[in-house]
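Data block below; observations after.
Going by the order they are written in, the chains are A, B, C, D and E; count residues from 1 in each one.
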Amino acid sequence: MTTLVILSLWTALAAFAASRALPEAASTAPQAAPFLGGGTPDTHAWSRYHFRPYTMTLVFVAFEMEMMFMYPWAVVFVSEGPKALAEMGMFLAILSVGLLYGWREGVFAWE
Amino acid sequence: MTLTIVLLGAAALIGIGLYGALSQQSFVMLMMGLELMLNGALLAAIGLWSLALGGMPEGQLLAIVVMAVMAVEMAVGFALVVAIYRKRQADMTESIGTLAG
Amino acid sequence: MTDLVIAALCLFAVWTGWRVFRVDSMVRASFSLMLSFVAVGAVGVVLSAPYIGIATIFMMAVEMMVMAIFMVMFMMNPAGLNPMVMVHQHRVAAVAGGLAFAGLAAAVLAADPPAARVATGTDTVAALGHELLGPSMLIFETAGVTLLATMVGAVILSSRRGRFGPADDGSRPPGLEPGGPPAGRQPEGGGGHHHHH
Amino acid sequence: MIGALLLLAVAATLAAGTLLAAWLDRRLAGGGGIASLAADWLAGPVRTEAPDDMNRRLAPAWYLALAAAGLCVVPFAPGHAAIDSPAGIAIWGACEALTVVVVFLHGWSPNAPFPLIGAYRYAAIGLPAMLPSMFVLIAAALPAESLSLVAIVDSQRGAWNVLRQPLGLPLFAVAILSLTLRGPMDYADGADIAGGTSAEEAGPARALWQAARLAMLVSACAMAATLFLGGPLGPVLPGPVWLWLKTAGMMAAILALGARIARPPPARMLGLVWTVLLPLSFLHLLISGVIAL
Amino acid sequence: MSHLARLAATAPAPVFAAIGPGLAPAVERLLARPGLRRAATPREAALLLVAGAIPDRAAGALDRVHDQVPHPRRTVRWDGTGDIERALLDARADLLGGGESAPDRRPDAPPAPWRGKGDHGQGGEGMMGGTPYGRPMAMTGADIRDGLQLDRYTARVGPFAPMLPPGLVLEVTLQGDVIVAVEVQAPAFDQPAEADAPDLVAARMLRLLGLPGAADRVAAGGRPRAAGLLRAVPPGLVPVGGRDARDRLAGCLAGRSQEIEPPDLAALLPGLEWAEAMLALASLPPSSLAQEALAA
């Protein structure tokens, strides 16, 4: 509960400060134009942006789940002893196969 | 009382998620609806674990499994979207229906 | 007091969840969903599941970041610069959603669940750790295999770079002898445009 | 009572630390310094074409809030942190993950090409760069048998983690550089994209964002000092003073480091993170685990 | 003057430089001085330094850059003579003391009229057909790398883009941050031979590698004092005459000047990521990008 109160306190404080420090601004059209070193764009910048390492991102989402298991594992690691090391070793070994596969397929580069 | 509030919140999340999953034309927005339903499931799991089941350890594990399901759903779902988009310039659910042939 | 806080968090989760389908910008939709998860995580923190609550927040921050990237990639008009309506069978969906909520709410109000709170002072993180390494070890390792399958599947489905060339050109393994016909099964129809997954 | 005192200490440390960081930045890394922050603050605001105004104004605020939240879990004296949660390092991990979101929003919101490219580059590198830091956090929790930072400090009474977990500090330094948008990990603000996510930012918004970057540096360096240098532990001087000294030392080291390592193009760095840093963090976890047993 | 303004006056003056023919090396060495700060974008600047006689073809671009500097702002012109640093610092002090800010030079109108047209007033028909806020939406097009047909972003970059040689205008089409098409619309301005000096070329590359301090040291004749310089440049990047960008950086750091034929940018750049492309361009001596042959 204290955690929650403190964290929301900071968040609310920061949001309030930002709304006071950064009031609604208005700019003329020439000032608002995006900076391109004097050049002009044809379209809005917001678009279906081609994020190149998308395959990496998907591998990352799956791999990152391992964190969920590792935090509680770390807490009981010493009391469970070598068994804990072995089990997490196996878990990470399984996931590493996926990483190795992805690496061989070249997913850690820009597509 | 607390449990009732939590479970009602979970029910509302599941209801909105269902609405979203059914009403959205786009496959990626449909996934948002699914995630929202899983969010409701997560909330219910946490509430039941903490307030009705006396903190049995399997309850927390259930919450983790729900999150793992979300990660898997997202990774596979978006991989499918990429594969289908590459094949046909389509990301609408209706268009995916015609891909069967 | 706790009830009030939890009610406020639940309302926030529901409201941000509702905003997901009401905003035009895909980035706002994704991060609105993230806020919904954050509120649920906060409920977890209040309900003596600090680890699960916080873990929900960091897992979902990452997942919704990825969600935003893909939403922007594949949605027309991703920033909602053009006002738009992206729903179909709106009425059916609304009725279904409403019915689901009504049914679940009725079940919640009618049911009489046991009331056994987490004992104060329990180390819930350690309990989870012991559970993972002990009775639920199989679930833990199965999750590993599932995630492995997900990683491999995601790579196969989404990557264009196959070992034998771009995926949408049809994958043809090299010949067994230099310059020979491709090894392995020939694609049916000879179009060379079949995925093999 | 002591809780209020600790919150006050967090706020004061953040404010004073940010000023110190600005000064060190000017000295060691050729940054703008305090006077430049003031100059930015006095310039007029600019509103780009059809921006996502809400997120544009909130991004610096959230960044600042994340820095403050991260600092709250750091113990200022042995046994005392503003947030003494049994999931302390997970809270810090959540701050790291949300930082990626905030930086992305900062680059997304102006609706302009260079900030957009910076935002996506940062997402591409910032997400996987989080993995080594998570391994480092988990490894630090092993000898403490707890996720609480108070326990992690206590576990270093015998020997600091910098000795027991030699790979930890370098790996965490990478995470700090990434979190504070500095040096080789600053993929949000490249010179080839005219300052990236900040390319369209002027006036108070720019000043606030730069200040938030420095505040995050304070917070991340305090975390590094807690994880590896024993935090408030030390002879003679009181705990908070030790923490401040170690944090200041870390800040100087990180700033000097960031100004001396070249930043490769993002695709090259992505390969580096997965094929070098991630295996290293596996190794780090193994070493730390074996030593802890 | 308020306390804050007095504090701000002690900061290096933030200058965005619009460089014309003949003055590039002089401005590059000028901005390395401690009293001035090189602004990467006009948003960061208070002063616009216009160096040399800007040709007519770049006049519109100069006005656009001028208007993007936030208020209060001032333009300082320089013909290569006189104490320019003094002039810049004086202008800065005047602005902080409440001096008048230069008004916009271009009319305050959206890029295209849009209000009121279409179902939602978005300036057109359909979900992608409008011109909301005066600009059309990006449209999809073929991709040269992975076959995902996502949106293309076409823009003209330059002639005052800080990552390009002054004067060079490229019309680039980006998908994500990969360049899929390039057209050279105008070559770089002619500069004295000093602009090709190896230390200045190396300094430009170091700045792109995220090492502004090392870049200033190299431009002042010192050693870079930084790690991983050569390894940060991807191997095989835009090879010209058998030497890639990494070789050229190594050569420049060793003080060797290079002679390079004008490269065919429209053929060399597509397929590169923006960061790589800018690094490759910076590794070429500006004179090789200045010939009229490029524009043809």
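To be clear about the criterion, a contact is a pair of C-beta atoms (placed from the backbone, for glycine too) under 8 Å apart; a residue touches a chain by one contact, two chains touch by 3 or more.
For clarity, every value in this text was computed on a predicted model and none was experimentally measured.
Participant: Looking at the contacts, which chains touch chain A and chain E alike?
Facilitator: Common neighbours, chain A/chain E: B, C, D.
Participant: Tell me, which chains sit next to both chain B and chain D?
Facilitator: Intersection of chain B and chain D contact lists gives A, C, E.
Participant: Based on mean C-alpha positions, which chain is nearest the centroid of every protein C-alpha shown?
Facilitator: Of the chains present, the most centrally placed is A.
Participant: Counting C-beta pairs in contact, which chain pair has more, A-C or C-D?
Facilitator: The comparison resolves to A-C.
Participant: Looking at C-alpha means, what's the farthest chain from chain B?
Facilitator: E
Participant: From the centre of chain C, which other chain's Cα mean sits the farthest off?
Facilitator: E
Participant: Once you find the CA centre of chain D and the CA centre of chain E, what distance in Å lies between them?
Facilitator: A distance of 30 Å separates the two centres.
Participant: Just give me the whole-number Å value for how far the CA centre of chain A lies from that of chain D.
Facilitator: 14
Participant: Measuring centre to centre with CA averages, how many angstrom lie between chain A and chain B?
Facilitator: 20
Participant: Please report how many Å separate the Cα centroid of chain B from that of chain E, as a whole number.
Facilitator: Between these chains, centre-to-centre, one finds 46 Å.
Participant: Quick check on chain E: which residues sit in contact with 2+ other chains?
Facilitator: 41, 43, 68, 70, 132-135, 137, 140, 146-148, 150, 153, 155, 161-163, 176-177, 273
Participant: Give the residues of chain B that touch two or more other chains, as numbers and ranges in rising order.
Facilitator: In chain B, residues 64, 67-68, 71-72, 74-75, 78-79, 82, 85-86 touch at least two other chains, as defined above.
Participant: Which positions in chain C are in touch with at least two other chains?
Facilitator: Counting only residues that touch two or more other chains, chain C contributes 2, 50-51, 53, 55, 58-59, 62-63, 66, 69-70, 73-76, 79, 81, 124-125, 128, 130, 132, 143, 147, 150-151, 154-155, 158, 160-161, 167-168.
Participant: Of all possible chain pairs, which ones touch?
Facilitator: Result of the pairwise touch check is A-B, A-C, A-D, A-E, B-C, B-E, C-D, C-E, D-E.
Participant: Mind listing the chain B positions that touch chain A in their complex?
Facilitator: Residues 64, 67-68, 71-72, 74-75, 78-79, 82 of chain B touch chain A in their complex.
Participant: For the complex, give me every residue of chain C touching chain B.
Facilitator: Touching chain B from chain C are residues 2-3, 6-7, 10-11, 13-14, 17-18, 20-21, 29-30, 33, 36-37, 40, 43-44, 47-49, 51-53, 55-56, 59-60, 63, 66-67, 70-71, 74-75, 86-90, 92-94, 96-98, 100-102, 104-105, 108-109, 113-119, 122, 124, 127-128, 130-132, 135-136, 139, 143, 146-147, 150-151, 153-158, 160, 167-168, 195, 197.
Participant: Residues of chain B touching chain E in their complex?
Facilitator: 82, 85-86, 89
Participant: Within the complex, which stretch of chain D touches chain C?
Facilitator: Per the touch definition, chain D meets chain C at residues 50, 52, 55, 85-87, 90-91, 93-94, 96-98, 100-101, 104-105, 108, 111, 120, 123, 127, 130, 146-147.
Participant: Would you pull the chain E residues touching chain D in the complex into a rising list?
Facilitator: Contacts found on chain E: 4-5, 7-12, 14, 37, 40-41, 43-44, 46, 68, 70-72, 96, 101, 132-135, 153, 155, 161-163, 174, 176-177, 206-214, 216, 225-229, 231-234, 273-276, 278-279.
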